[in-house]
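What follows are several structures.
Two complexes, one shared chain (chain A), two partners (chain B, chain C).
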Partner chain A sequence: MAEHPLLHVQQLEVRRRDNREAPLVGPFSFDIGSGATGLVGESGSGKSLTARALLNLLPPNLQAHSRQMRFGDRELSTLNNREWQAVRGAEIALVMQDPRHALNPRLTVGEQIDEALRLHVRMRTTQRLDRVLQVMDEVGLPQSRQLLKHYPHQLSGGMGQRVMLAIALVNRPRLLIADEPTSALDTGLRNQVLDLMMQLADTHGMGLLLISHNLPLVARYCKQVLVMYRGQCVDRCAGNALDQATSPYTQALWNCRPSGHTFGHPLPVFDPESIEANAS
Partner chain B sequence: MTMATQRLSTLFFRHAAPATLLRIAATSVLSLALTLAGLLAVTFAMSALSPIDPALQQVGDHASAATYAQARHALDLDAPLPERFVHYLDRLCHGDLGVSTATGQPVLGELREVFPATFELSTIALLLSAMAGVGLALLSARWPGSWIDSVIRIISLLGSSVPIFWLGLVALALFYAHWHWAGGPGRLDDAYEYTIDMPSGLVLVDSWHSGMPGAFASAVKHMLLPVLLLASYVLGSIARLTRTALLGELHQEYVTLARAKGAGSSWILLHHVLPNCAGPMLTVIALAYTNLLQGAVLTETVFARPGLGRYLTNALFYGDVPAILGATLVLGIAFILINGTTDMLVRLLDPRQR
Partner chain C sequence: MMAIDCKALSADFSTRRSGTTAVLKSVQLRVMTGETFGLIGPSGCGKSTLLRILAGLHTRWRGEVSIFGQTLQPDNYPRNALLSTVQMVFQDPYASLHPRHSVGRALLEPLKVNNIPEPARRLRQALDDVGLPPSIEQRYPHQMSGGQRQRVAIARALLLRPSLLLLDEPTSALDVSVQAEILNLLNQLKARYNMTMLLVSHDAGVIAHMCDRAAVMQDGAMAQLLLREQLAIYGGT
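So, the complex of A and B:
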């Protein structure tokens, strides 16, 4: 029997509820296996909408539809709200971009990590505390006991991102969706946080969907890359093959990446018309 | 359960350090003191610059120049302004607010009778409207755009737009005159009105201590309509502003993260959004309180209850300067205390400001 992917999505599309316009995303199909999957594309290409659709967390005026959304041995596309609540945070978790906005300013670090646990398991307070401290240790938060009582505004950006990671990992999810998890961090921290995420995904056998517009990072970390353009998946390839991509859009994106060599020089301009001509 | 909750708070929640509490309290008291000084200066200026001449009021316009000068001296009107201000402060410190020109009674004594009545009525109305207003706002924000939301918006609009004296008269006609469900005008039934002592001036407290169960029941019955009326008057603004604050806060990113954790809409409203709206909520409730304290005039008139609003209005009609100043001072101090407490609470509740 062939190996089942962790998440198998068929014909996913995101539409406005009034349904008069063409779908904002898709329809397209993809699999997420173990190891990291990258989702890249320019701003507005539908990366985040795709991710939110996988969590059923779209804004109220949007609606996702898919022929099939198989997660392990469960079908997600037919779940009701209450069943989705049991999946979110416990089996599929989300790491957001900016800890300064994504953490509740009035709750302490401990309360916010504990909340994710409290919503899904019935445990005694002391047991929960042990689990919270354990996950804080895993994500490399120092002096966790004191840190429990800190508020988000007292944390640095890197620590905030680790707290968010701890919130996501506290229930040991099978799939972690990271929506631009490092865009708010500086370069050094970026690699640290990503290394940590990859390592944790490896040790726990957790799938990872990494959304980013930083192509070199994705090329380095992801086994598989999906390239999105105007709501469509225009290319998919292996992460280490991103530099030899044959799709013109992927090539253009790859060539647009800034680096030490391009410092002081204008980046190549990328011409949407040639791509559309090629695509059609 | 309580054990577990207690442990949870000691594990995860940081209470403000005593030093921080002290600092916040000290700055609040300082700013209260400064505002109070400003208030005293303003009330003094009101009396000193008012076109009403208390000496003339006292002696009448047929008095001789000598009598008039004597009255001016007795009323401390012939001294230079700074000296008069010092005298004014000195008298205030001794609890002397002057003598009402209309009744000949000390103003302080009269205020002692009317202020507790207003305080009692507005505080009960405020508690009621704050609880109902926040509750309605939560329901609205839980199902925005639904029929519950529309009904609540109509209720709150009616509450704040129907004239209160009209509503009061209709309520009296129906619930007192027609159905006899509620007590009529006054604070007590006639049988009790002059038989119980009023040491505190709070009719619920005094009738409770009178030892007559009937007196307390009568006080409650008489309070029913005015309290409901006043509560409905501020309920609208509390519900609407709280609803707006809650809905605005629902767009924050931490709400998305809470949903991604698996929290449901009601949990998010109660655990995340409501605490984060404490600032605007406390502010609108404090504003409602000050409105109730000064704005109860019509209710007090319709229901023939003693109160600060009615006292002040009468004093204004008679040009009774000491009474006007006394009532203004009491209202001003109440406003300062309410605003100061609100500021302090908002700062205490926000970890970023501690």
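So, the complex of A and C:
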């Protein structure tokens, strides 16, 4: 990792306000540098809550606490709401899981991308339209001029996901947090979208936190991978070392993938006791 | 008997601004009873639309469609005959869950409507089947992770022991270990209750692991049929 990571997080915890006992996430410390960092792990282990905590976007019944959360030379944990609004969507952008739920059903695709742009920059209407069309092309949305006028319910699952991505990328953020950004895309589009994110990461020095269940994909694109299980980070390794992981949970994740060879046989599943035995 | 039989099925959407666009173009599809049939194809090619027609959720179509010998009409879905027979798991789990209903309520309702005995026990069994703890009953959709929501949606679809399951990307929101558990569960239940499954997935591994046959869709039409021998090597490793 570079001497100056883009984001430095120390002892992040997420708790329920009504239950101060066990945290849902953490304590969790990590750095995000340039290039892609993968966040993988069990469903319900706290990946999305971690992502939301980094943007101060937790649901009202939850609360985050951290010893330090440094972004560039800014300390994020002490920002007030107004300061957060300037950072969120402009410098750090989030693509949420469940795209159609996150989009506003009453606004067209064009209006929603434009809104994200207008909130943070001053440009003329025609310039903004050009920028909106450009970012739609980048994320592989077809016939962008027509699609501008569509409402979220008129989109297929994969189109909804790309609209979310366009909203996140329209301001060229320094850090993109992408929560399952390609789970509804076919392989061709998935690679196109990831290549775009990697290219932005390279040319603009954008950092990328990629939350995904697709381990081969994470292995291919991510320098560093963090593995979560029940709110804890149980393993961290280089992306290209995922297939040789020694942690039992990471191993299990790698080995229980279905394929043509497993047809007709039950897939291996993870036995939680193996990790508890390993931890104690 | 044929589980699904579609002939010359066409469908379109019309919007005020861009007029009418054809989404399905004379689709042929035959799925045998007891088969797991895969649907593959690029984003926007019409997979979800086809499933929604079969579930009676999209009514603008032409052609001939029947499910287990029951003929469907665009404006008349044989609900009484098919209501508990056909269940769908949606691509977006939010779509199948009411935002203000707790998990317990969402799962009890179909049991009560259908007068299933011992609903509370069946509910607990269904949650256990998909690997969720009983305490999840009190949660609302927004208080769960994406994978937990999807598992609730799957539990709900399985609750009435359907004969035909329409699965739209059922495991794309799940981690691979939970995915493995759900795929194993689907195969077990399929064997036990002789279910037929129509499965949409972008994951070549999932299709190759699950399906007896699969069709590749392209721009609203069936482009290619893949048999087991081809599926065995589909998607490489």
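Note that in this section the second predicted complex is superposed on the first by the 261 of 280 C-alpha atoms of A that agree within 3 Å, B and C clash if a C-alpha of one lies under 4 Å from a C-alpha of the other, contacts with A are read in each partner's own complex, and residues count from 1 in each chain.
Here is the rule we use: a contact is a pair of C-beta atoms (placed from the backbone, for glycine too) under 8 Å apart; a residue touches a chain by one contact, two chains touch by 3 or more.
These numbers were taken from a predicted model, which means no experiment stands behind them.
Undergrad: Under the superposition described at the top, does placing chain B and chain C together on chain A give a clash or a fit?
TA: Overlaying the two complexes on chain A (C-alpha atoms) leaves chain C and chain B fitting together cleanly.
Undergrad: What is the contact status of A:E138 with respect to chain B (first) and chain C (second): first, second, both, or neither?
TA: neither
Undergrad: Looking at the overlay, does A:V40 come into contact with chain B only (first), chain C only (second), both, or neither?
TA: second
Undergrad: For A:L103 in the superposed arrangement: first (chain B), second (chain C), both or neither?
TA: first
Undergrad: On the A-aligned overlay, A:A116 touches which partner chain: chain B = first, chain C = second, or both, or neither?
TA: First partner only.
Undergrad: Just to be sure I read the superposition right, which of the two partners does A:E13 touch: chain B = first, chain C = second, or both, or neither?
TA: neither
Undergrad: Once chain A of both complexes is superposed, is A:D235 in touch with chain B (first), chain C (second), both, or neither?
TA: neither
Undergrad: State whether chain B or chain C is in contact with more residues of chain A in the superposed arrangement.
TA: C
Undergrad: Output check: A:K149 vs chain B and chain C. Expected answer is one of first, second, both, neither. What do you get?
TA: Both chain B and chain C are touched by A:K149.
Undergrad: Once both structures are overlaid on their shared chain, how near does any Cα of chain B get to a Cα of chain C? Whole angstrom is fine.
TA: 5
Undergrad: Once the complexes are superposed, what residues of chain A are shared between the chain B interface and the chain C interface?
TA: Looking at chain A, the two contact sets intersect at 98, 101, 149-150.
Undergrad: In the complex, go through chain B and note every residue touching chain A.
TA: 4, 7-8, 11-14, 252-254, 256-264, 267, 271-272, 275-276, 349-352
Undergrad: Quick one: which bits of chain A touch chain C in the complex? Just the residue numbers, please.
TA: 40-45, 47-48, 59, 61, 97-101, 142, 146, 149-150, 154, 156-160, 180, 183-190, 213, 215, 252-253, 256-263, 266-270
Undergrad: Tell me, which parts of chain C touch chain A in their complex?
TA: Residues 13, 15, 17-18, 40-44, 48, 91-95, 142-148, 151, 168-169, 172-181, 183-184, 187, 202-206, 208-210, 228, 231-235, 237.
Undergrad: Chain B touches which residues of chain A in the complex?
TA: 55, 57, 81-82, 85-90, 93-94, 96, 98, 101-108, 110-111, 114-116, 119-120, 124-126, 129, 148-151, 153, 164, 167
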